[in-house]
Each structure stands twice: as C-alpha cells, then as structure tokens.
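Chain naming follows the written order as A, B, C and D, and within any one chain the residues start at number 1.
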Amino acid sequence: MKKFVNDPKEFVPEMLQGIAAANPDTLKYVPEYNLIMRADAPSDDKVSIVQGSGSGHEPAHVMIVGRGMLDAACPGDVFAAPPMDYVLETTKLLNSAKGVLHLINNYSGDRMAFDMGREMAEAEGVTIGTILVDDDVAVKDSTYTVGRRGVAGNFFVIKSVGAASEQGADLDDLVKLGERVNSVTRTMGMALTSCTPPAKGSPLFELGDDEMEMGVGIHGEPGRRREKLASANEIVDELVEATASDLPFQKGDDVALMINGLGGTPISELYLLYGRAYDQLKGRGINVRKSYVGEYCTSLDMAGCSVTLVKLDDDLVSLLDAPAEVANRIF
Amino acid sequence: MGGSSFEGVELAVKTIAETAVENETYFGELDAVVGDGDFGFSMARGFEIVISDWDGFDRADIGTFLKKIGVVITGRIGGTSGPIWGTAFLRAGTASAGKTELTSSEVVEMLRAAIEGIKTRGQSDLGDKTLLDALEPAVDALEQELTAGSSGRDALAAAASIAREKAEATKAMIAKKGRAAYTGERSIGTLDAGAVAVAVMFERLAEVWPEEGA
Amino acid sequence: MKKFVNDPKEFVPEMLQGIAAANPDTLKYVPEYNLIMRADAPSDDKVSIVQGSGSGHEPAHVMIVGRGMLDAACPGDVFAAPPMDYVLETTKLLNSAKGVLHLINNYSGDRMAFDMGREMAEAEGVTIGTILVDDDVAVKDSTYTVGRRGVAGNFFVIKSVGAASEQGADLDDLVKLGERVNSVTRTMGMALTSCTPPAKGSPLFELGDDEMEMGVGIHGEPGRRREKLASANEIVDELVEATASDLPFQKGDDVALMINGLGGTPISELYLLYGRAYDQLKGRGINVRKSYVGEYCTSLDMAGCSVTLVKLDDDLVSLLDAPAEVANRIF
Amino acid sequence: MGGSSFEGVELAVKTIAETAVENETYFGELDAVVGDGDFGFSMARGFEIVISDWDGFDRADIGTFLKKIGVVITGRIGGTSGPIWGTAFLRAGTASAGKTELTSSEVVEMLRAAIEGIKTRGQSDLGDKTLLDALEPAVDALEQELTAGSSGRDALAAAASIAREKAEATKAMIAKKGRAAYTGERSIGTLDAGAVAVAVMFERLAEVWPEEGA
C-alpha cells in the first residue's frame, strides 16, 4: 500500500491531530467524537453549522471548518458515516440560541446517524434544522429509493449557508437557502483508478490499464458503468453533458464551474479539464462566472475527477465571494 | 425447551461480538465488491469494545444488558451498521425489559422487535438485499423449531442453515438499499455483506450453544 | 496511463489555457512562450518577478502568478527548463523601471536558459537581478558540482520577495531578501511511487510494492537511496532529522513547517505527516510558528512528500502573512 | 578530400534533425533511467521545426544557415539540451561565417568551436558523463582521418565507431553534470543519453554521406 500510514485504526485520529496542530488558534479538536470545531464556536449570534460524513473525502469536511464555512465536522471512520453519538455530542457542544444546522450528504448511513442524533438532541432542547445534499446526477433517482448521493457540490451549499450564517441569518432561512443551492447544483464524477482504504490495504475494486469507471461516487463504490479509457476531452464532454442536461442549464445561464480532483489526480490535469469544460459550456451559451479547480471532495487516493455546475444569481455570487477561512489554505 | 437464561443471552451476544471481530477482513472484503469496504472495520471497532468492556455492563436484567450493548454500538459503529445494529439491540432490550430469563416465545418476540427496529430505521424490508433477507427467514425458522419443541441448539442449527441459504440467495438480488444500490444491476451476482454476517453469526451460535440448553 | 491527456504534446498548452480561462480578470496567457502573467503587469512602481522551471510541478509556478507572488511564469515542457527564448521574451515583456527579478531553481538547464536569456535581455537594456534557490538537502553539495536542487522551499522565497516587491522594494533589496530566505530554508523529499510524464506514458522508474525512494527531487529522477517501505512516522522522523540538522535548526528557533505533497498523495495523509513532524520539532524545542500543508511543488502524479523548514524572524513572518492572490485557491 | 560543400552542411544538419525526431522515444527512455526522461521529447520538438521550416532558412552562407538552426533550437528546445545544442550550432555558425564551402580543416575548426561552446555553456568537460565524452573523441578521430587524407565518408565512419565506443564507455562513469549527477554512484551502469545520441547521429551521417564526398 503506497500510503503514509501507521496503525490504520489511528489513521483518522492522527490526521485530525495534524489539522489541530496546524491551526492552534482557530480550531479545536475533541478526540472522543472525531470532532474538529471552530475555537470560537458556538456563538449565540450565529447558527452553528455541523457536517458529519465519513472520512476519506478530505478536505471535506474537517479541513473546511472555519469562519464563513462549517462550525464543526465530526467524521466517522474512512467511508463510514459518524456513529450516532458523535452527531449527538457534537450537536450539543455546538448548541446555539439560533439553533444548529445539520448538513447531510444523502446516504443511508449518514441519514440514520443524523436522524437518531437529532431526535435525541431535540429531546434535550436543541433546535435543529437539516439540509440534505444530493447533487450527483450519476444516480438515477427513480430506480433506487436511496436517491441521489451528495458529492462535491456540497461545497457550494456549505459556502453559501456558511456566509449567510456569518451575516446572522436564522435557521429557517439557512435551510431554505441550502435547499435552494442544492436544487441548482449538479455533479458527475468518474475514476481512472480505484482507491485504497488504509485498513483494507488494497484497492476497493480493480480497474484495467485501459479502463475507466464513469459515474462513480466518493466511496470507491463502482459507478454507472465501466468503459474503455478515453481522452481528456471525451471524458469532460460526457461529464459536462450529463450535468448540464440534468437541471437543465440553459443558454444565458450564469454558472459556477468546479473541476474537483478525487485525490490522486494532479492539479495540472484538473486545469486541462477545466479549459475543455469551459469551452464546452461557452459553446452552449452558458456563462461561467465563477471557477473552482482543485480537490474539494475526494475519495482517498483515487485518480479521477468530477464536474459540478451551479446555477448562479447575484445573491448566490455574493455569498460565494464572502470571506472565509479554513484549514485548507495556500498561505 | 428452547428458552434462554441470562447466561444464554450473554453467550449469544458474546458470540456475535467475537464473530464480528474475527471476521473483520472477510466482512470488509464482502462489502468492497459493490460497496465501500468499511462494513468489517465498522463492526469490529464496535464489537471489540463490547468484548473489552464485557464485565462492566449493567446486568440488572436482560433488557438493561442489551440496551447497554446497543449504546456501545451506536457510540462507536458508524456507517449504516451503527444505526442498524444499534437499533436492533436497543429494541431487543426494550422487548426484554425487566426479564432475567426468557421463554422461547419471548426469545422470538425479542428478535421480531429487533427486526422491526431495523426495518423502521433502515426504511427497508425483505427483498432489498440487506441483512434482513437472512435475518428474518432465520428467525422464522427458529420460531417454527421452538414451537415444534426442538432444543435451542437444534433450532439454531435450522435457523443457521436457512440464514446461510438466504445469504447465498442475495447473490441473485439487485440491491435497493445501502451503498450497493448505487451500482444497480451491477450488484447482481454479489453476496450482501450484512446477510452473510448474519449467517456466519447463526452458524457460530449453533456451534457454541450447549446441548442441554442455555 | 491513468491520466487526463489528449495529445501529450499539447499537455502543457492545454493546462495553461485552463488556468487563463479560470482567471480571465487577473491573468494573461501568451501561448508563444508558455507565459502566464499578471494582467496588470508590468508596473514601473514594482520589480517584476519572473520564474521559469519545467512543467509538471504545478501549482509551481504557473498557478502562483498573481498579486504578492510571481508576476510571470514561463515554464518549459514537462521536466524541461524553458527554452532561452521564453526567458528572453518574458523578461522583455515584464520589463519595469524597477527592473526584473529572475527566480531560478538550481538546475543546469534552468541556469543555462536564464544565463543566456539574461545576457540578451541586458543587451537590450533590461536591468535584471537573479536569485538561485537550492533548498534540497538530499543532494550532497560537496560531491556534485551542480550543487543542491531548488524544490518546494522556493515557495517561501517567492512569497517573501513577492510581498516585498508589492511594498515597493528595489531590485537589490529583493535579491538580498531572496538569498537570505533561501539560506534559512531546507527541504528533503521522498517518494512512495514514481511518476508518469504524459509524453512517456509509463513511470520514469520502477518502485516495488514494498519499496520507497528517499531523497528524491521533483523530476522523477531517483533519489539518494532506495529503502524498504516504512511507517509514516519513521519516514517523517528521517525527513525532519535531515532538514533540521542541516542548517542546523536549534532549540528555541521559530520555524515555518511545510508538508508538501508530490502530486499523488491525498491531503489526509499530508496532515497525518504534519502532526508527527510538529511533535518531532516540539520535542527538539523548535517552535512551529507557521504551517503549510498541501501541494506546493509537485512531481506530476508522484505519491510522496517533502518536508521544508524555514527559520523565521518577525520580518519574514510579516512578509509570509502579507496578502496574496493566485490561481491556486480554494474560494 | 574531406571538406564540405554547402550541400554537405545541409545534409549533416538534416541528418542530425531526422535522427533526433526518429529517436524521440529511444532517447527519452535513455534519459529516464537516471534522468528525468525529457531528452528525447525536447530534441524532437526542436528538430521537427528544423525539418518543417527547412526550405525557409536563410542560406546566404554556411554561417548564417547554422545560426538560423541554432536560433530555432534555443527558441524551442528546453532543458539542458536547448542551451547546449543551441550554443553548439551558434558557435559553429560563427566559425563558418561568410563561407559557402569548407575545407576539411575548416570543418574540424567549426566542430571544435561547437565543442568549446558546449563546455563553456555547460561548465562541463570530458569525464563528466555527458555528450562531450562521445563528441570530442569523435571529432578527434575525424580530424586524424581527414588529415591522413581519408574521404569524408571514411572519416565519418571512423568517428562514428569511436563515438559509439565512447558512448558505451559512459556506462562505467559517474555523472558529474546534468540531472543524472543527483543520483551519484547510482548513475554508474547507465548510458548517458546525450552521448548515445551523438553516436547514433555520427552513425547515420556515415551511412548517408556520399562516396564521392559532399
């Protein structure tokens, strides 16, 4: 296994310790619940925004805790939603007079943990709002009752409710806002390679040298279908078509375009993909107003990418432009 | 008669816990095929605590004991399995509240309560290609045997063979719940990890269960 | 080859087009010279800072052009220093009344291209200053006359001279500053895997499943020695020892600690490494005042990392803290 | 006699260019062993322009022509090879300025000038495990043969076999210049890419050079 690991059981805690050590002034780490929270949270003037999810998607979500983004993240083990207790205790620790907002990527495990956690926290008097993120167009909603997955598009939901909450928005408004952003966000991903969970030590699935997997999620589960490896342009064109035609995005729309790396793909390739996606959208008369290129929601060390489109309006743009400060930073 | 003493309940829980820990890799491999490979890791991390804290659990009555187990599980196991297995133990605990031993029908009631808990929590049912597809038929078989007067050991043996058969049968099914559901048709041909786990656990129980009952 | 590529010959231009498309207001792309430059450069109130290097090290250097960092980068092909003409034309295009600063990572190819380019640009009346970056302790200076390599530590030289130039510093002061920063910067890297140049289509060297390469540079060239794969902690300890003992860094020193990913290693692992490196330095009484975790200078898709230490003083800290704006960004 | 007409110079340049383009992969593989694998790619990108722009180069005299080639190289080839090969052609052009044909001694002077240019530019010399270790001995051999009155073709054949021999000999050397130098002792046992390229080019030249001189 070509990974930096000590005891695989300690992989997540050791990563979280590193995040805390690198951000002593702004972040606090509570080992009992894999909890990374803002050092200055909770505040009664601000709704506390909490995300769970499994680990292995970094920087999502433990590295995007901070001013203007999440107030806390309590991930589970690699690819496992957090235990219900983490959700409950985190929610109680982050309790604010303005309430607590649960951001949940739409997976059975995450939903169950947050359902149970919410029930019990509410029983203890915490006011809770919930937003489900399900931006992945690869999942055919109709066929499977579990519904679409929440993937890289969750960044836009987090960024917008994070900014609005800093401006003092109430819980109900944040829920409406988050649902609105989620409703105009579409993502589709693909993999060039599988990924290797530290505890497993080998790839989750095998992919031939000349194969790729279209429509993957972010947990190393296989995707829609396996195909012959194609050129960068062919891949981008399919991903853009799948996302753009889903909402659908139309001529004249302003959009945010995100090229997200799944963990093992260098940023040089992501920018190459961006250039093609930008041209494709331009060809459709779709106007890219904001760009995001890099790793936002990964699947461990998987080589691959996802394309996310968000329909923009001025309000949303100003929320995306609002200042934010997270562990995932350059300077 | 196939009822269960407190010792029997303890034996059952301990056996389940040991099976989960010993099969961490195997259960993980099963979940990796069309899932995300964390099932074995999640179960082992929770049930190893059940074993390490074994002597400390409150044993006022069977219900209290089972709820304590459920609390350990929801406290440490993540993914889908934490809520699913945690709810199962909590509901079983509620069904056996105050009791210090169980008649055979109480054993069955308790297991039915656990199954109902799983279905509500998982918004799932038979045919979704989950552990339910092995668990519910196994409990049906257990009930039949017990009402027919078989010994606990024989009843468990019957339940185990049904569980195994049904677990194997998940191969032909298309997943409608859980991570595997995203792969749709591609989930056909693969075993459901949870169903196999249930089968392995029943088999172990049938082995360890004493002739003279427990 | 599990990469997003069309025609390998177009890999670099297509990447540069993507960078330009994603930053239309702030950056300008001049295809003839692989040139990415600030849209508002040159300015006669500011020394123009130019970097060359080969491609394949992204975000270095084309994605760190912008306010407070580089004014321009004119990379060559993958792992090849830019042709002399690129240096010459870029230098002329960026000519400012305050002069042009050449930042050169210490490699034969880069030095030759910049020597020739400088000679010719000076002949045309451009005032030029030069800083050589050579922070790589893996190369035993004495043995090889080519001297140490410039690797991830170049970020700190760029950031500091970039900030100072925004504050109006003169060319000579910038050269002194850059040399000072370089003199207190040390880096050592290692690889878990090789890397695959698009044009080659296969790994530059073979590394067994149980092997790692200590002391690698950023061009896929083999390193100091090959070893049996070790745990994350063992690896960090060796890299920290190699860098810390080189300057040497001493008890009571304030330092910046960078854990740089080489391209294929996910940020989760980098933070795990950071946590250990931080503890090791603490154990030596070395005080980590600033932290950098992520990809700063990569070797295509190589899985691996480098550890960089910089001895800090208040002046340097304020330069590192100064605002900067580059293509490589989160928001 | 082994001098060279303008056509001879053109033939030499064209042959070098074609060799570089046709051996892109091979030269790249050689550079990959202890280097960074870009040598073949860099050379091919530059010399393919030499070929595509072939008819357009100013042929006022040999010196002008060679300088134009040098300009194409420094304009497109990066890495170490751009400055090294570019300087070689520029210096050769200076040495042959104004001439429209070259005596055998002028040919040698021109090549010596190129070698000096490489040494100054590369701050390198014989024994550093670079292309110089094949180029200089080859030119020495060429000179000997020409002064001994051999035909250009025979002289080139002699130079080629020396170049090959010396290129093979780089295997035993430890790199002191270029990317390979970083690997120190580990560079022993591998061929120097540039030296092999020089050998291949001389071999091609010896093949294509006409019996009756050019």
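The rule we apply is simple: a contact is a pair of C-beta atoms (placed from the backbone, for glycine too) under 8 Å apart; a residue touches a chain by one contact, two chains touch by 3 or more.
Since the structure is predicted, the reported quantities are computational estimates derived from the model, not experimental observations.
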If a chain touches chain B and chain D alike, it appears here: none
Shared interface partners, meaning chains that touch chain A and chain B: none
Furthest chain, CA centroid comparison against chain C: B
Separation of mean Cα positions, chain D and chain C [Å, integer]: 33
Geometric centre distance via CA averages, chain D-chain A, whole Å: 55
Whole-Å separation of chain centres (CA-atom averages), chain A against chain C: 29
Chain D: positions in contact with at least two other chains: none
Overall pattern in which the protein chains touch one another (line/ring/star/complete/other): line
Parts of chain A lying in touch with chain C, wherever the complex brings them together: 2-6, 11, 14-19, 21-23, 55-56, 58-59, 63, 159, 192-193, 209, 229, 231-233, 235, 263-276, 278-279, 288, 291, 293-295, 298, 300-301, 303, 305, 320, 324, 326-331
Residues of chain C that touch chain D when the two form their complex: 9, 54, 76-86, 107-109, 112-113, 115-116, 138-140, 143-146, 149, 197, 199-200, 204-205, 217, 219-223
Complex interface listing, chain D residues touching chain C: 28, 32-38, 41-42, 45-46, 74-84, 86-87, 121-123, 176-184, 186
